[in-house]
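Reviewing the structure listed below.
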Amino acid sequence: MPEFDSKKVAQIHQHLHSHLPSDSALRVKALETLLVDKRLVDPRTIDAWVEAYSEEIGPKRGARVIARAWSDPDYKRRLMDNAPAAIDELGYLGTATAHLKVVENTDKIHNLVVCTLCSCYPFSILGIAPAWYKAAAYRSRVVRDPRGVLAEFGVSIEDETEVRVWDSTAELRYLVLPRRPPGTGHMNEEELAGLVTRNSMIGTDRELAGDAGSKI
Amino acid sequence: MPEFDSKKVAQIHQHLHSHLPSDSALRVKALETLLVDKRLVDPRTIDAWVEAYSEEIGPKRGARVIARAWSDPDYKRRLMDNAPAAIDELGYLGTATAHLKVVENTDKIHNLVVCTLCSCYPFSILGIAPAWYKAAAYRSRVVRDPRGVLAEFGVSIEDETEVRVWDSTAELRYLVLPRRPPGTGHMNEEELAGLVTRNSMIGTDRELAGDAGSKI
Amino acid sequence: MDGIHDLGGKQGYGPIEVDEAEVPFHHDWEAREWGISRSARVPGINIDWWRHCRELIMPEDYLSRPYFDSWAQTDFATYINVGIISMQEVVSGKALPGQFNINQPPPVLTPQQAIQEDHDNATRFDSEIDTSPVFSIGQQVITSRHGHDCHTRLPQYVRGRCGTVHDYNGAHIFPDLSSLGEETYQHLYTIVFEGSELWPGSEGRNDKIYLDLWESYLVVK
Amino acid sequence: MDGIHDLGGKQGYGPIEVDEAEVPFHHDWEAREWGISRSARVPGINIDWWRHCRELIMPEDYLSRPYFDSWAQTDFATYINVGIISMQEVVSGKALPGQFNINQPPPVLTPQQAIQEDHDNATRFDSEIDTSPVFSIGQQVITSRHGHDCHTRLPQYVRGRCGTVHDYNGAHIFPDLSSLGEETYQHLYTIVFEGSELWPGSEGRNDKIYLDLWESYLVVK
């Protein structure tokens, strides 16, 4: 059990600053080596997690949730009411999504998600967060100047549109439900999922194309 | 004339981050080389300033001011009323001291000086600021936990003593007038000046020894 | 703590890398660290304590080192703190005899089992509590003016500010105490702030900022 | 700007190097930079603009590089900004033909002349102005809740706080506009704050914090 002593940990960080190699790959290698030697983890299990999050768990899951919500009004209702249960209808409940909430874009509202204090992210439906989501520039700026940040992503927002920024300060996580692009009435769920970009589910993308191939 | 455009300067800093050598000595050498080549400065003039601030302009000046204030009640009155004029009686007016103020320690009051926003310092009477004065640790902590900072300097302050922290946010500068050590009634000004430490004039030293040799 | 991690509204961090390639991992070591973080857990190191340990990274390292690198450093720090890894072992780069190790081999998972475990990791952080929530939806509240020296989830940019209760989320584990090893629960609200309440020069911009805040962070207006 | 430079009260910066050797310069390059900063001035670069340019250094560089190194970088940035040095010249490390340079050789000073010039550098920043000061000594005031995007000398840790006017210092050049090239003057006060007004857990500690603040940073309580 830790002693929960901040001063000690701060000192450890100062020592690590001096004693760890400066190259990130070497640092992580050193950590893995020690943990494997001490039987705290098996490298094959690390492999398994890497493969799970490279192949299966990623933004494709979120896109399928969005496509179903677009296609099925009852599902959308369940998703807005109780997102964890609704995503689990597809088997996507998991790490960091037990308190998921879905926030819906409309013509008058645009939603945008951040975690200013660390980098909380709904892993089991969006996979690994993009590097920019975890970087100081995005975390610092998006709550103060969301429209400027959106412009940097190539998204222009009309002045009248309300911008809602969701700062994930607790264990709630947020998924943006983007607007269904016009002219997609004929598409099935799989085709619709192909229109959904990862960024549109974070809120740094807004106008989805109705005719594109898979984006994710 | 600059355009006073923050964004442009921020971009320049990003470019400098990539293009300047990482070693500080090389960076300054590169600056000096360019400025000398462009006739903006003569290296002999740089030498002269370095010598001035290595030999003549330094905390010895401040110590002489303090010693005179201890020895001469009239001088002390003038110093408290109008520090720039009083230090110039000794010829010590100069860079960053035109709006100097002196704050006096007593048995019940301890003064401590900082500049949280940059590192303002009364150069012409104390010389070059110590590295710790300019470092994030001192600047961040001393306004929040002055007694903790003092303890780190080996100075313990009774709970009843009022601690006054002076954050130099404008062009005013502060010089702490420490208490004259007991048992020094027989000393002349020069001997008294030898008792004054640099840190006591910043406020990170409090109890001066009455019998030591030169500290500065 | 008012640490370097509390980035909301801070200025000077430059442009966002919007053209980043859309791949889960940009380097193999990032993937390894992710895998380690998923599988090599240690009893007693809860998420709030781990987050606080990440906040305690030296500010210059926090800003200059890559994200997953800071996870690795936090893992090192928490393992060292509980005595599982020694600083000597960090320096030598290998496990030393006579130090902590476990007799039983660790579990071996297949990718399919990892996906299943991810599903089982849908941890809930809420709980029933005896007291009723003090605030109701639509009510105006003011946030605390102060933080404190330990872990807290009330960012500086919303301290001492007026907001409105947008939603009530049940009682959730209180991170300020959880990070000290104490499991207590408090009512958790979603509070909405007008941008103009938070930022100079943002009047009329039609921006709203939502945060999930615990009851003790709030006072009645 | 709410930049990395605004360090008052921020946490996580570790211990102070109290055992530092008491010498003016710890490295020759520090001395060179000091000498450059004293003698190689450029018209139009006033102290407030220069300070702001230092605040604009990338936060990771601001924290990780030595102090006088940040002066050199600020010099580079301000010289580049006015067109005296080009980025090309930074890369090549030498002055290139066809770029800015001056015909007349620069002045050559002896140490004694430098000491005299230091004396002449006792610049005053105050001026008579037409209006009377709004606040009087002993009066309670509240500081602005907000900063702004440019240079300001109202630190975050005293925003929206209640203090008392301790002293009046005449009208001084207003840095928020001076850093934009506009020379205006405002009444400048010394405001004293109780530690407990600023910091959690500091009740009864008998700490007072004094700051020199311009009139437009303050409102009547």
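Each chain carries a letter (A, B, C and D) given by its place in the written order, and its residues are counted from 1.
The rule we apply is simple: contacts are C-beta pairs under 8 Å (C-beta built on N, C-alpha and C of every residue); 3 or more make two chains touch, one makes a residue touch a chain.
What you see is a predicted model, and the numbers here were worked out from it, not measured in a lab.
Novice: If we define chain centres by averaging CA atoms, which chain lands farthest from chain C? Would you check?
Specialist: If we average the C-alpha coordinates per chain, B ends up farthest from chain C.
Novice: If I rank A-D and A-C by number of C-beta contact pairs, which comes first?
Specialist: More C-beta contacts join the chains of A-C.
Novice: Rounded to a whole Å, what is the gap between the Cα centroids of chain C and chain D?
Specialist: Each chain's C-alpha centroid was found; their separation is 34 Å.
Novice: If you average the Cα atoms of chain A and of chain D to get two centres, how far apart are those centres in Å?
Specialist: Distance between chain centres, rounded to whole Å: 40 Å.
Novice: Just curious, how far off is chain D from chain B if you go by their C-alpha centres, in Å?
Specialist: The mean C-alpha positions of chain B and chain D differ by 14 Å.
Novice: Taking each residue of chain C in turn, which ones touch at least two of the other chains?
Specialist: Correct list: 1, 9-14, 56, 58-59, 63, 149, 199.
Novice: Multi-chain contacts only, two chains or more: what residues does chain A have there?
Specialist: Answer for chain A, listing residues that touch two or more other chains: 10, 14, 136.
Novice: Touching pairs of chains, all of them, please.
Specialist: Result of the pairwise touch check is A-C, A-D, B-C, B-D, C-D.
Novice: Going by the contact rule at the top, pick out the chain C residues touching chain A in the complex.
Specialist: It comes out as residues 1, 5-11, 13-18, 20, 22, 24-36, 38-40, 42-45, 49, 51-54, 56-58, 61, 63, 65-69, 72-73, 75-82, 84-85, 87, 89-91, 93-95, 99-111, 113-115, 118-119, 121-126, 149-150, 153-155, 157, 169, 172-173, 175, 179-181, 188, 190, 198-199, 202, 205-214.
Novice: Taking the touch rule as given, give the residues of chain D at its contact with chain C in the complex, in rising order.
Specialist: Interface residues on chain D, with respect to chain C: 1-4, 9-14, 55-56, 58-60, 63-64, 145-149, 156, 160, 199-201.
Novice: Going by the contact rule at the top, pick out the chain A residues touching chain C in the complex.
Specialist: 1-6, 8-10, 12-17, 19-20, 24-25, 27-35, 37-42, 44-58, 84, 91, 93-95, 97-99, 116-119, 123-124, 127-128, 130-132, 134-141, 143-147, 149, 152-154, 159-172, 198, 204, 216
Novice: Over in the complex, which chain C residues touch chain B? Could you list them?
Specialist: Touch list, chain C to chain B: 12, 14, 59.
Novice: Can you tell me which positions in chain A touch chain D when the two form their complex?
Specialist: Going by the criterion above, the answer is residues 10, 14, 136.
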